[in-house]
Amino acid sequence: MRQHRVPLILLAYLAIFPLGAVVPGVLGVLQKAASVFPEWLQVYLLWFTDTYLLNLMILVLMWVTIGSAWNLIAGYTGQVSFGDAAFFGTGAYAAGLLSTKLGLSAWWGFLVGGPLAVLVAFPFGWICFRLRGAYFALATLALNEVMRHIATIWQSLTKGMVGIMIMPTFVSKLPYYYIALGLAVLSIVCIEIVVNSRWGYYFISIREDQDAAESMGIDTHYYKMVSLCIAACLTGLAGAFWMNYNGSIDPRSVFSLHDISIMAILVGIVGGVSTTYGPAVGAFIMVAVSEVFRTGGFGMLEGLARMTNSPATEVVAKYVKEAHALSFGLLVIVIILFLPNGVVGDWPRLKRALWPWSGKKA
Amino acid sequence: MLRVEHIQVFYGDLQVLWDVSFEVDEGRIVVLVGANGAGKSTTLKTVSALLTPASGTITFEGTRLDRAPSHKVVELGIAHVPEGRRLFPEMTVEENLIMGSLASEAKSKRAETMSRVYNLFPVLHERRRQPAGTLSGGEQQMVAIGRGIMARPKLIMFDEPSLGLAPLVVASIFEIIRMVNSEGLTVLLVEQNVKHTLSICDRAYVLENGSITMEGSGRELLHNEHVKAAYLGI
Amino acid sequence: MEVFFQTLVAGVLKGGLYALIGLGMALIMGVMGIINLAHGQLMMVAMYITFVLFHYLGVDPYRALPISMVSLFLLGIFIQKFLLNPLMKVESILPENQVLMTVGIGIVLTETARFIFSSNFRSVMTSYSTAVFFVGGISFSVALCFAFLCAILLTAGMFWFLLKTDLGRCIRAVAQDNEAARLMGVNAERIKVLTMGIGAMLVAAAGTMLMPVYYLFPDIGGPFTRKAFVITILGGLGSTVGAIFGGLTLGLVEAFGATYIGMDYEDMLGLIIFILVLLFLPGGFKRLTKV
Amino acid sequence: MFFEAHHIVKHFGGLSAVGGVSFRVDKGEIFGLIGPNGSGKTTIFNLINGFHSLSHGEIFFEGARISGLKTHEICRRGIGRTFQVVKPLKRMTVLDNVIASAFLRSRTKSQAIDLAEETIEFCGLGPCRDKPAGGLPIASRKRLEIARALATKPKLLLLDETAAGLNHTELEEAIELISRIRTAGVTIIIVEHIMKVIMTISDRILAINHGLAITEGTPKEVATHPEVITAYLGADYVA
């Protein structure tokens, strides 16, 4: 339990503070509680009381789920997937179609979305895992595209490019926040359990040396499939959640190579492959980076421009806003070059680089 | 000519050579013998700068090799005929030979050297348009040796040239090595075929578990009971 | 019947350009052992260079060809030297680090293009962009025919280079046995840098020649990257001859698919081929012909 | 009949790596396989273990045909193997390496841990059980190979060049370990280059060269067989 102490404290914090956003009276209590801390810390403690930040946190938590799933198949099992969007989109469409075609609540998507994503993953993995080498990675890229095309072309079912719209269940963001939190915790716990079980040992053995794994009696084809199916199921659940939360989906957004599949990879490698909390750290960093760029430093750059009245700053602010996708690309390059095992995986090295004096004491 | 002094070599954090030193004098045939895994190939790869020694020095005609890139080593006049032949399987015999003569001096005399190689191995001339991967083991070894000669080296290193070849072919390969040497090339040979090797060499070193345990003339070692015991366990 | 031949011509002409794209990809695959997932993005950069030269300086796309090829050659060299080669010394858990790096490079190229040129569609309208000539009732696009011709010349030149020059032989040698090549005195790192440059140069040629008859926007790289890897998988990973057959096949399949099945399915067909190859012919055409 | 290889043949492209070798191994014995480099010993292991498919011939284990089965199925039947070029699961600790393989014969994780710890002690790897396998010295890596194979509780163990690269004391320890494995009731087929090892521990030896059997017999018979000496030391060494 000891190695989970910090995450558990964080979890407790994540569970309590958002209450202030909606439940009347709680905010006052929280503010009072927070007031014993220094002023600069209060800002962070009361962070979740704002709906805008709540929205961001929901995104972070959703990415924790997707990133953890990617980490299972790529980080632990060593089969890099470029096609998580195929499973994410399947889950999202499952939820959406239940609502539009069968008139059920889209929340039933949680029951159907995961298994349906597994249904996509199963034959796919069965074919691709027969071959070693880069085939799986490439095939996932193709799967991503195939699923998007199907969703676009099968108009009678999916309404093509128009996509699916449903009425949101809740007005407040708070229920979504807790569902996302639940999902994220579920996936981390689920993966933690899997990784520490027989399966986890088998997955890592396959990653480290497939020949050795086979001579140890491990059916590598079968266990790669197991890993892929768990990852697909979790990603499908995240997709079903997205349908419910966002209320509208279309093939381009949920089967997007860049916005979903690549983002999943980024969350995984930035945080640290093959670590329990790497994807969580990665999700936080990625959503933060994307938001900082998208909003021009939360509007600070624009504010600065208005304050100083300098057109140069205004131009910078405008460009920074446009550069958020560019920053992703640069981040991939920098991370792979300098922190190949991610922030969590390379933490000792990163720590030494950031605080060179801290290492000297030890 | 080639002087290896106290080299220590690691694969990752695994030490494979411990304080290995030996010398190759000009015009000689020098042999490293030893069982599988003793570090013979590693030694040659270190001379070729495919591996870098953690400590120790390697000098060739006064030039330090231990920190040089591998293509420099070839230019200085050391050819390496690797274990398992390592031909370019999809290239023709002729192209494989050409690959041996990339350094500028060898390149300018390419046609001349090639006809010499074809004289040495007439069968290769017949097969020159054939992909090297389709040749028999013995022929492949000839291409590998020919490719080494194409570099017009001063020193040529052979790594287990008899590996996996039929006895008759082995005999002819050793004949060729002796011939190459008599034409003025210095030879450094790594072998497990003790009898053949020791009978043609001038000086031999026995490698055991990454360090040199014995050295002497070929004849001395040939009749040494220890060598026999190390190989056959009798 | 006329429709059939018209489709055949369209497919072959397109296939010629695809072969050029695939050839570069196959070279990179062979020498570096990685799938370059920034291949289409490199082509996109070449297209923008062509566009800028035409639009602002009035340079005809065909005259821009050498400029775009040289620029992309340099870009390829830069990428290999500073971004991919250093990765070989980095110890990491994922073996696909280099492939992930090319993804990152692809994003940077696409987004830089969007940054500079915005997402708008661009095109280069030349006097010959829409020109056609007829042979026996079948129309031939002048620009595409010219592009096809150039593609053949470039491919032939490339093969001459690979088969008849020392440098070309070095490239093949590194692809076949890296360590043995180093023993021959080949500077493998430099060969890798050169190969990436050549690969980028070939795809640049395809992009520039496509410019008079095609449109351009920053995201165009992605679909072409996918086409390129379908071509290399079809041809057999790393096989240059296979890539040419792969390119022609993809061109024909797309053309016939668009005519007889529907435009919507054009992109999908390539992916279906990909999966079929994976199922029934792992190893691609290379397995059939042994070349 | 415990184990029998019946006229096994393997071609790679046009080259024949193993050209029709037959042998049988009885329960409880140590069967040595010798031959010069490149003579096809490791290929025979790869054929038994299912990495390569046979071109011709059949392999039987405990009365059932195992040729044609997949590697993991063969392991499940009770054939474990080690690799000449060791294949440690580098980023796992020694203990985790062995646990991963102990799962094959354990229902729960605690059973697997127990089995793994037992096996590690048996192989004398106790001192480095929590170290990552990638950083071990060669002698310990070779032991780890054996430990991992033993944790699958094999009835037949294939040892591929377990002694290569070991120094004198390590060699003695390796021989001692192999005899203990035999005492524990495991039948062993051993490929070995270091003659001292194979001559001391084998009950019977099969010598091969160029993928063909030269002779089979007791260590003494094989060591004095003229063709074996020729294959190892070159022609006319005997004289």
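Chains here go by letter, A, B, C and D, matching the order in which they are written, and residues are numbered from 1 within each.
The rule we apply is simple: contacts are C-beta pairs under 8 Å (C-beta built on N, C-alpha and C of every residue); 3 or more make two chains touch, one makes a residue touch a chain.
Computed from a prediction, not measured in an experiment: that's the story for all the values here.
Chemist: Grab the C-alpha centre of each chain and report whichever is closest to the global C-alpha centre.
Modeler: Central chain: C.
Chemist: Distance from the CA centroid of chain B to that of chain D, rounded to the nearest Å?
Modeler: The mean C-alpha positions of chain B and chain D differ by 31 Å.
Chemist: With chain centres defined as C-alpha means, what is the inter-centre distance between chain A and chain D in Å?
Modeler: Comparing mean C-alpha positions, chain D is 46 Å from chain A.
Chemist: Report the inter-centroid distance (CA atoms only) between chain B and chain C in whole Å.
Modeler: Spacing between the chain centres: roughly 42 Å.
Chemist: How many angstrom between the C-alpha centroids of chain D and chain C?
Modeler: Centre-to-centre distance between chain C and chain D: 48 Å.
Chemist: Touching two or more other chains, which residues of chain D qualify?
Modeler: Each of 91 in chain D touches at least two other chains.
Chemist: By residue number and range, which residues of chain B touch two or more other chains?
Modeler: Answer for chain B, listing residues that touch two or more other chains: there are none.
Chemist: Of all the residues in chain A, which ones touch at least 2 other chains?
Modeler: Expected reply: 274.
Chemist: If each chain is a node and each touching pair an edge, is that a line, ring, star, complete or other?
Modeler: Its topology is that of a ring.
Chemist: Show me, using the given definition of touch, all chain pairs that touch one another.
Modeler: A-C, A-D, B-C, B-D
Chemist: Could you please specify the touching residues of chain A with respect to chain D in the complex?
Modeler: 196-198, 201-202, 204-205, 208-209, 211-220, 274
Chemist: Quick check: in the complex, which residue numbers of chain A touch chain C?
Modeler: My answer: residues 74-75, 78, 80, 82, 127-128, 130-131, 133-135, 137-139, 141-142, 145-146, 149, 152-153, 207, 257-258, 262, 265, 269, 273-274, 319, 322-323, 325-326, 328-333, 336-337, 340-341, 345.
Chemist: Mind listing the chain C positions that touch chain A in their complex?
Modeler: So the residues of chain C in touch with chain A come to 34-35, 37, 83, 86-87, 90-97, 99-101, 103-112, 114-115, 222, 226, 229-230, 233, 237, 264-265, 267-268, 271-272, 274-275, 278-279, 282.
Chemist: Over in the complex, which chain D residues touch chain B? Could you list them?
Modeler: Residues 14-15, 36-39, 134-135, 137-138, 141, 161, 164-168, 193-200, 210, 223-224, 229-230, 232-237 of chain D touch chain B in their complex.
Chemist: Spell out the part of chain C that touches chain B in their complex, as residue ranges.
Modeler: For chain C paired with chain B, touching residues are 166, 169-170, 172-173, 176-177, 179-187.
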